[in-house]
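In what comes next, chain A is part of two complexes: it sits with chain B in the first one and with chain C in the second one.
After this line comes the complex of A and B, so read on.
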């Protein structure tokens, strides 16, 4: 009797599992990404790999080159959100409003070791203790320098050990003048937040303190911003906004490619941009430090929307996309630095052969990993950026002094976050 | 023409057979029938959202969770604590007060010149209208070079007269003038209306005036200008509304990290930021209603003033 019961149970269990497999109906997911056309192709190539692994899951790629956050937000508000979304600094504007799925159960269900796969990179996608995205791409901001200019000036190449003192001395030695006119800048940056914010963190300053309260009017921040402005207005080693306007650009990257500046800081993508520039000899290095080292991670993660009808399948896809095979495609295509630590320290990435046509110091990315600052990725990130740049725009034009600027920003941030 | 007349009389025959409608009733029936698509569209697509946005302006709403009623808080914050909104209002007004009169003066002057009968006039008319057809995005990009501090076209031109031009797009005081200059480049749209108006002025008026010995100046100020006043009136209202709603130029220039954003922020770009970047739909709705009142008041003032300066041919001046 009991045996019959058990055998019936076993048979029914077997039947159920067969039905379960047969019931693996085809599922269609939508995944939204931004970037250039070559980014789009790289995502598609990785999804093609995923399609081989999960024949029952079809993923449609939605590609949004501009105004990405606005589009995603509109789709979410309209009840038409994609299942998988690429997310960066604005992520917690969405996670804090319940628009993204907390992935913790799915991660433990898949026995995914976040630490082993991503290092500390995944922490920025946590909000109130929950994980909201798997890191996907993640190159740090690094230094690009023109080796010919360094050789000509007899300056040692930059290293991770550089301090502000070394940096300033090099920038001064690398700046060439013809009378009053600068013919070669030692350094170039500007109003984009990763540049000035990394200087603040290098000096032990912060935008928000550990409790999340604004901490902008501190001596550390003042000193960092003062140096940043002095590079332009006191030492004359970096172009002012006015100089940029005269040079017909608002970004250091083209100036570096044209051989008009010796040192810039930017992301991984510039390797591909510089690859085909003739007669430009350059290399990369980690960003310097002062009190401590500090650079920004330009990454993005893949998140699942809370309205997704197929969260399990969506997680299978993002789990696969951040695993070694699919992450290797990012390297093969020279798209970006992968977030997967194994691929980042793998031979193919370190050889640099898929992106650079020269021997560059690819260890830069691994050496930058422990200098990445914990960005204040609060839900009001966009508004915080807007508040800070409203004042800093004027400050970088040298129209207001440092104390006025930091007091004003502190007051505005307090008003915003109260 | 003939066919439509028969069909019209056919229907009226049928109508008369059923129940005679007075011509007046028939006319109003047709009126409502023909405007119904717009009326329905207005009610569904405009009036509904407007009433809803009025409600939203008294709430905090982040687009996702349910709106939370906060009474007049949004309006109080706008007028007491929000410095950026203050700048936005100030910048928008300065821009409007500069652009609208300059637009009228320039478009009148250009239309007057383009109305002359000279060889190649068609070419010049096209050239004047062309900038208006260029997308604002492209215009803004090109004007970056025009406004370059040392080697830009404009400062190069000023330099020829010994004037040291400012850093147009970087200097917080000058950037608003730069926006006005950029917009005046697209003056062609107003010119087209004025030109059409000028060509519609009966030549007998000028002939009669010429016989009486009126000078060229009299022709312009006593005939052309009064006869054009309805067109100028139309252009004025349209350009006031358009400049109070300026968006694209500001949006593009703000994307440049070197632009002093506080000096060029205007009402609509700030509304857009609040709605779609800061998740403050309720606050953005409040801004929209403030702007609505501003536009309403300005338009009303212009319409009220029009009886003093707008002349319609078929109206008797009292």
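After this line comes the complex of A and C, so read on.
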């Protein structure tokens, strides 16, 4: 008996040492992200922190600035998928194909309380009851406005209570002309889906109805798109696609930074972009509404590919990256709004001191929380975007009328989702 | 011993894939479904020709051979000659240019001698079509007084210089055709007009508004008409597919331009397959007689790459442009690069005459050497998304050519179905980690074929004479 006990002890010791050694074996993971070079640097800084915590895990950062979804899809199809991938609205195109790992067992194994860490933000990364990503970055689309222009025009600053009527009146008052030429636009947007889609939802419209069926040819959608195009072609308060091209840009953000437009809508990241622009006085506010308020939640999560040879180590990394220490780096670098609720509601973020060099209305993000629209994040999200933009790009050139546009999109969506 | 010899011989006597155990991918040709007629493949002489043209004859001839020789090189048939604006205040000497103009309407044709040597050598090597393109008018015609753009990134061509610029381009073109014997077929006066070109960007360039574009094109068309030259406008070298409709709409809604411009030239930078499909569809519905050119592209990524990674990326761009965008011509950006960037088909160094080949060179050759001008693209379907195939019929020779991209890291087996039953020979050319556009098989068609991992392979089926 004694001998048997000793033998068991020796065997246990042996097994422990083997397992212990195995657990410390070096593992190399690859993690793919998009964004700007400063985004890349922020991810690397967070991974450097992770390397201190997990010295046996090396994470190579793959920076993919454009064609992200397509490149990831190609890598996956080619058997060369990264272990960890940044994912946003297109996530369920991947999760529905089994290309991402369901994280439920790993989450429960790590005793991670999703609600406590992320609030409700994690729900958008669920598909058919399983969790496919941990939220990493977040924040609503908000209004940026030029306070000097508002003051000069005698227009009250925007608030969450603004309606379309208030918005249009302000945009008209803020638009300045020299003869036929616009010298200052009241508003600027364009073909990017968060802009026009938020107008649709503000008017009680939707892309898909509650059953998931296309709902694009409705009076609510028509009225919203008509106003959106009228801002350009009837009221003349916003630049057309041709105006953008002639101004040498394809986005409102540089026009705002150049002092050529009074109101734009974009994400948290623009705070850092505007911080050091000289002689530009600006603030932020929640996006307006009409029948109801409506804005888009930007953000991305971190997912693990189903082909990863090291899912446990990959989860250790994404769990760490979404915990407080690594999420604080996002705030310290002024990169984005963090997804971690504790960091988002922490003093550092709310003070704005790390990303804004002026007093700005940081409550904007909290006031936007209840206006976030439930996006139709179906597996065909990317295809749906293609279908809609194919027609809307032509509509925004004023080459087709509203009814033609919404009928075409409705038909295309029905074909896509049948 | 006999067994060993037998095994050693196997790779030499069977098609490269014979006996693969894995599933065979079926690629089906639909020869009745014809698409665009290919005008050719090409590259630009910008930024390198004025340097390489001054190299030792052995080395510069080697560059010419690699790019334009249809047998030993990749057989490009289109060459883009940059009509410089004479910008000399840039940091990078490669990006400076010479202008022939010495005074209004006065030219010194001995200038730009190195680039002119390359132009002649390319023509001698087999280039049949030359595009002359300008990134900017000379400084005397611009607001900033420079060809490197306006410091504000706004329009730079003086409003009263549109006719002068047109005359300048036509004068140079006339000299190239009549004085030098160069087959110039197209003049491209505008390049990526949507961007905010300014001196800080370090190269020649000019922003144009849509009104200015229409004005410049009308002035150039009028000057060409008066010149009697047999040349056409190539426009507008739009910087991306996504915003190209803005410009196409303005140009082709102008009757004079709609009658004169038979193609619209667009660059594939920053453009997704969706952007390409959308613009191609827009043009087909609104301006069905206008073909599309892809007239400039290189991968916009820092760091050199000599291998199959960037070559495969390029192959997929070419494939998308041909099959989704439906372009009739595909033209690469700088053919030779000294930069730490994924550009250039051939790398060199700042100093010396190093010639360092890339897989991109040979992958472009998988298309350019075997798809002759006048070939008609045929529809192809595949039952595997990793293996992407396009096919072409050459009415002159009767050959049918498949270019097959294997995007997977594994070896793949394919079967080519749908070819008619005429007696044929088959040659297979592979670019892969192991091969540089190397003929890996020549013989009769087989039941199936192997694709090397991460490779581009060209299959040329030829009808036998008298067969």
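We take it that the second predicted complex is superposed on the first by the 394 of 418 C-alpha atoms of A that agree within 3 Å, B and C clash if a C-alpha of one lies under 4 Å from a C-alpha of the other, contacts with A are read in each partner's own complex, and residues count from 1 in each chain.
Here, a residue touches a chain if its C-beta (ideal position, glycine included) is under 8 Å from a C-beta of that chain, and two chains touch if they have at least 3 such contacts.
Bear in mind that the values here come from a model prediction, so they are computed numbers and not experimental data.
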Clash or fit (per the criteria above) of chain B with chain C on chain A: clash
First, second, both or neither for A:36, with chain B first and chain C second: neither
Chain B versus chain C as contact partner of A:250, first or second or both or neither: both
Partner chain in contact with A:386 - chain B first, chain C second, else both or neither: both
Dominant toucher of chain A (residue count), chain B or chain C: B
Touching partner for A:66 - first (chain B), second (chain C), both, neither: second
Partner chain(s) touched by A:80 [first = chain B, second = chain C, both, neither]: second
Which superposed partner A:241 touches (first chain B, second chain C, both, neither): both
Chain B versus chain C as contact partner of A:394, first or second or both or neither: both
Listed stretches 5-13, 59-67 or 239-247 of chain C, narrowed to the one that overlaps chain B: 239-247
Residues of chain A that lie at the interface with chain B and also at the interface with chain C: 70, 74, 77, 241-242, 244-246, 248, 250, 386, 389-390, 393-394, 397, 399
In the complex, chain A residues that touch chain C: 66-67, 70, 74, 77-80, 241-242, 244-246, 248-250, 386, 389-390, 393-394, 397, 399
Chain A contact footprint on chain B (complex, rising order): 62-65, 81, 83-84, 144-145, 147-152, 167, 169-172, 256-262, 273, 276-279
Chain B-touching residues of chain A, taken from the complex the two chains share: 69-70, 73-74, 76-77, 93, 97-99, 190-192, 241-242, 244-246, 248, 250, 380, 382-383, 386, 389-391, 393-394, 396-397, 399, 412, 415
Touching residues on chain C, where the partner in the complex is chain A: 153-154, 193-196, 207, 209-211, 242-243, 245-247, 249-250, 270, 272-274, 277-278, 281-282, 300, 316, 385-386, 407-410, 454
